[in-house]
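See structure below.
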């Protein structure tokens, strides 16, 4: 058991080491594939370390390894290190696993990249893995925040991986700014919390919370600020706008960062510090409501997307909403469970989608079609992912989603519960919409839509399964999804709340209902999509416009910040500096004016003398 | 009638100078040919001898019932006058004008006469002697100012100088008459007692006298002759004129207003402070738009007088000492600058700032020395001017005149503005022509002397400070 | 007569002279004004000397008178010179140097 | 410590000066020799300052490597040197920046002899200010540090173009805004104007103090009358604050930095502005506790204005150098804010920010210089897609940018984080919010610029075809600075331990009064 | 009204009147003559102060010397014929203002602190004492005066000589 911390430490440092090597040894990085293999090997090592660490943990025991980071007069302000317990190591496994698989997968997906930029890609990947693990293992708020920002950086760099595409560049910057806006809140929260409690350390804070220290009473505002950070990272409404655009990055990146790990950091944060949030129930309520609303809201958006990755992105947002709702209901563990399962099957979905895009050279589902026959393996794994996302029994997503529904009900959030149910229905619908459109039906003639990079310009007609290195990864994930699902079905880990009996049938019901509707609309064409759209014209329109939220943010940025900056800039140059210039100009003018006194006429000079004498007399307040 | 006094007698310098004048006069008459410039060499040698002699004579000793006193202040001033005149004479030797060549005798005679006036003035402690030596100092200046009588500007300048000069000396005499009347004696020491009586008429007289002296030191409202005269007269003479008579004026001020006044000196604080303020501001502002370097230096010189008046406003031994120090710093800086102007003018035939384009690339040494002089005038560390300003401000600060210090310090920035404009011409602008500027060896030597003075004083001011303190000590 | 009277008279003379100096256009006129001012000085000195019963003032006067004469000589020479060069002796025209 | 045996501080301070003399007299127009001498005479202090940084006894704290030579005993002026944790760090900063600067200005062709000579003289002044404990000597060095700037900018600078507009437009034509001469004159005069206040303040302390000496150590002991302290503190605040770019006296810095040649901008924004902040902390807070307590509200509030206002102004600029210059204004706000909090973390953060910002802005200006030298343009919105042609520069620029927006693992984060902690603890907690908002705004304009210049499709402009990446010596400049940024970002205690040992005594003197 | 005061009054009137005439009359030549008159009046004042010696000097040097030189100068610079010798004045008001202000200030001082010194009886021969003191106490200024004259003459000659 003593080893758990050390295993975790190794797991954490492995990718860090590979990052160092890749960034400092320039020729190695430039060489491309060797760099890739190096990074892969190290992440494999990380995976092993993570598993060992998890196996070494014992319940209700945390192992800490700390080093002083910032000293102060009396002791240590904050330290860095590892806090390894059951939860963190579990999360560690997820991160290590997904990042390992994704790196493996990328080797095939980015096969056509020039070596130099491939090396760059893997350097970023290692950095991300390092930072994410650091986040997971963080023993205190400071390290958490540091890694928090670093994963944000990695996401920025990886979204902008194809930096020469204007969309990619824009999306990267947008993602950074929006999350940063949340982080501002996070930082403020941390600072406030510190000045209240005088510590950043989770263990100390936990002890305080247990002891009911009054330093923690009435910290609603603090926790809300911290939640802002989580909302930004985990794309909660209204911060969700960056996630769909983030799909400009390579698909494996989306799978790793924007589906499985980084975006869930917010959830993990709330789960990790739930003992603090419990001190501020009103904040928890807000979390629940916002989460549920986000889930539903994103689901509706997902229904109208034509870009397969965007569908998945919105579904991610929606699922994150689920997790948040559960935490808001006060049952963080349920959210955490869903986090884990979702991590697996959403990665699966993204990677499968990646395979499709790789084959079809397009993100547009309407440019696909009939792929089931040409890419059978991909079809199967995608279907598995879809089923578990839709929440069909014996698949990974089913149990965790049911848990969440139960949690919200038990938490007494009735209306959010309803929203979640509706969202579940929509989820099943839009996922199968994708399945039917992309994999069945007749193949579209020519690939349209944006050409996905890293793929040759093949069209749906001659698409075939991805190279083995990618399919292997897919199968591994699919297997996991199924095993987890069956595992849960066999051994039901009892939850700390009573799940009313109607939950399970309801969950299955809405899922099946959603699938049914999709079947009715797309393959069978009993109801035409257009009719549906016309029925829900307003909603359809709004969804297509993303409810004008992005426009709103753009407006705030352009006319708000940039406008203000222009005003300030003008003020600085033409008023502040202007006054200075006026003063100097006046001095010059004064010189000229005074110069005229020197008229060159001797009498005037004598006036000078007379006046001088008078002046002196007056100055002595004469006559006294 | 006074037989040659043995060396060490208070009068030795004056008598020596008189002899020198006699010799110069005779030699000038006997010297064959139209070119009489060689008397200049003679003059210079004589001055060197006198300067050496001035270190042999020690302070102490009075003559004519204390009308003539050889104290530390007098000696300090006399050495100052001698070295200034020496530099002035040396730098005037390379002058080329034909008139000058033929009339060199008169020129040097006049300079020596004026110098004699200064020497006596610095020791005079009797109103009559003071007034006469004052006039002896002034009258040759009018003559020298108009020496280049072919040029209308020069003559015009001389006439203006003369008229204003006589008016101000009338004012001075009027003031002196009151001082005499109230004190009932022409002895300066007697005046002090009378001031202690604080009789208004006495103060009236002193104010009028201050007006008269204000002209000589060129404080702000009385300064107007300065730029015109400087611009028109021959540069070596101006270099000398810009230092020696002002120093003499300050010595008179010390004698009349500070010596033996006790706490009554506080009378002058408001007047001096006010004069200082207007002089600093006026001088600096009017210097800004100047395009002719000599005019620029003239106005900046006015501003410097303002800074010295700050020291006067401090009315303390330190203040007076710091003024003396300032005078010496100003001597080297200002004369040096004027001599560089002369050098450039001889080569370029222009005294405009524009003539200095790219001087740094044409003849770097000359440019560097000019820069040093300007920095010294601007009061930058490690050249004399910095310490001068610092000490003066310091004395004022001791008197609690922080506002005056602030005004002075801030206006220094304005001064640096126009000094840097010249520096810009020299260093930043590209030269029109490449070939270096030829400098007459003697002129170069004088410039070198000034650089030496500026730098040495800047790096190691201590001995001079001590000397100044010793000189100003007996005043209080 | 009291000393006061002499002083007052001298003061008036002085100011009249100053007035002349400041207002005359012709350089010679200015010179005359200066003469008046110095005259006032002399009166002052003599009066003081007399009332103080002290000879110094008288001596002072002697010197001032002599100096004045010397100055006037020099000044008039200058006037003549400038007249020869510039064909005018009017001060207002003498403003080559200004600013 | 063997270092204590010989006058290491004097060597550090004067070796650049010696280098300057050698360059002027030995290196006759031979550029390689000039550069060689420059590098050597900057490498010596670098090595030595690293050595003393290592050798500094953190337990003993206080001033070490003490030197004391009477200069003008009559006036109590001594050549008195010594470093404590604060100046130690800043000396190190100076060494790093000037060493990098020597490489960064490798390509100065015109009159390079004079250029390096002046630069080195300037550096001597900077060192002198940081190490001298005698206020008077400090002032002398201060003047040396300011003056050469005029020629450096005037001769080797570059002119921009500013259109006269607005109510005061008429004045702009008169003063000639935009030209390098204007910038040089403005900078020099503004700083000398400030030094006037400093001089008055120092004299006032000397006259009022009960010790007849300019020594900091002796003045520290003497108690000044609170009313005197009040206005003298203001004098110091204005005088040094001008150099630190406090609002609204900051306008010299954008013009000056934009016009200055690369190395000078590096040195000026990187080190000289710190010199102002250092002056406020060392003289203002160190000698005038009452004055500090009396005016900290003003200092902090103006600092907040600096942060937000500077960031917004930076956002509004279209000239790359102006962006960086205004970012300096904003970051100096963080420095002053940290100082104003009067808390341990805040003050440590302030000092750390001096260092961090020094390095990052030095890096920034080095990069801008490189870009300008290769692309001959500073117009942000004309450039695009440079990352392909100059990846190294792009990377370095990104790192500098990240540091300036306070991203963790760069020195900038530690500094800002500490400052914010201090701000919320201080007597004016609301200071926290402008600070954080400033960091956010920084993220916006820095990334915007990075994206515009380095990302996106390569610009069609023919001038921008085949731009070369950085070359040999230039790499040295870049990687030194990048390494320092990251090193001090991941290992803050390296610098914070000595800094803390220097700030605590100062704060204790303040706290006893509270 | 003693005889003395009458005499003083008369002299004062003449003096001031002629002085005013000097500075006001339009004819330069006339103003010189008025100057001569005022100088004579001054001499009279000296007499009333028992300073015969000074009165004599005044008459000789001033009324004699100065006036002649001035006339000579006028003759050189202006043609005696015609109205060329008329001279005008400038800024009369400003000049009057300033001069008046100065006068007021001075008079105010006198009023504030009148110097009431009794006139002591004359003792001994004034001319003799002057002569003695000039050759004893004031010998140095006396010699300097000689130098001064020399220089002034040299200068005057140098300027006035038409050649070179």
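So that you can tell them apart, the chains are marked A, B, C, D and E in the order they are listed, and the count of residues begins at 1 in each.
Definition applied: a contact is a pair of C-beta atoms (placed from the backbone, for glycine too) under 8 Å apart; a residue touches a chain by one contact, two chains touch by 3 or more.
Everything numeric here is computed off the predicted structure, so don't read it as measured data.
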Set of chains whose contacts include both subunit D and subunit B: A
Which two chains share the largest set of C-beta contact pairs: C-E
Chain occupying the middle, per Cα centroid: D
Chain centre separation in whole Å, for subunit E relative to subunit C (CA means): 7
Whole-Å gap between the CA centroids of subunit B and subunit E: 32
Whole-Å gap separating subunit A and subunit E, where each centre is the average of the chain's CA atoms: 103
Centroid spacing, where centroids are CA-atom means, of subunit A and subunit B in whole angstrom: 79
Where subunit B touches two or more other chains, by residue: 128, 132, 135, 139, 142-143, 146, 149, 159-160, 163, 167, 171, 181, 200, 204, 227-228, 289
Residue list for subunit A, restricted to those that touch at least two other chains: 588, 595, 598, 600, 602-603, 606-607, 610-611, 613, 617, 622-624
Every chain pair meeting the contact rule: A-B, A-C, A-D, A-E, B-C, B-D, B-E, C-E
Sites on subunit D touched by subunit A in the complex: 162, 165-172, 174-175, 177, 186, 247-248, 251, 255, 309, 312-313, 315-317, 344-345, 348, 385, 387-388, 402, 407-409, 413-414, 417-418, 420-421, 424-425, 432-433, 436-437, 439-441, 443-445, 447-448, 451, 454-458, 492-493, 496-497, 500, 504
Parts of subunit C lying in touch with subunit E, wherever the complex brings them together: 1-9, 11-20, 22-26, 28-29, 31-33, 35-36, 39, 42-43, 46-47, 49-53, 55-56, 58-59, 61-63, 65-74, 76-81, 83-84, 89-90, 92
Complex contacts: residues of subunit A adjacent to subunit D: 68-73, 77, 142, 145-147, 149-150, 153, 156, 160, 163-166, 169-170, 172-173, 176-177, 180-181, 184, 187-188, 191-192, 194-195, 561-562, 564-566, 568-570, 572-582, 584-585, 588-589
Residues on subunit B engaged by subunit D in the complex (per definition of touch): 375, 380-382, 386, 390, 393-394, 397-398, 402, 405-406, 409-410, 412-413, 416-417, 420, 423-424, 427-428, 461-462, 465-466
Interface residues, subunit E side, partner subunit C - complex: 4-5, 8, 12, 15-16, 19-20, 22-23, 28, 31-32, 35, 38-39, 42, 45-46, 48-51, 53-54, 57-58, 61-62, 65-66, 69-70, 72-74, 76-78, 87-92, 94-96, 98-100, 102-103, 106-107, 110, 114-120, 123, 126, 129-130, 133-134, 138, 141, 145, 148-149, 152-153, 155-160, 162
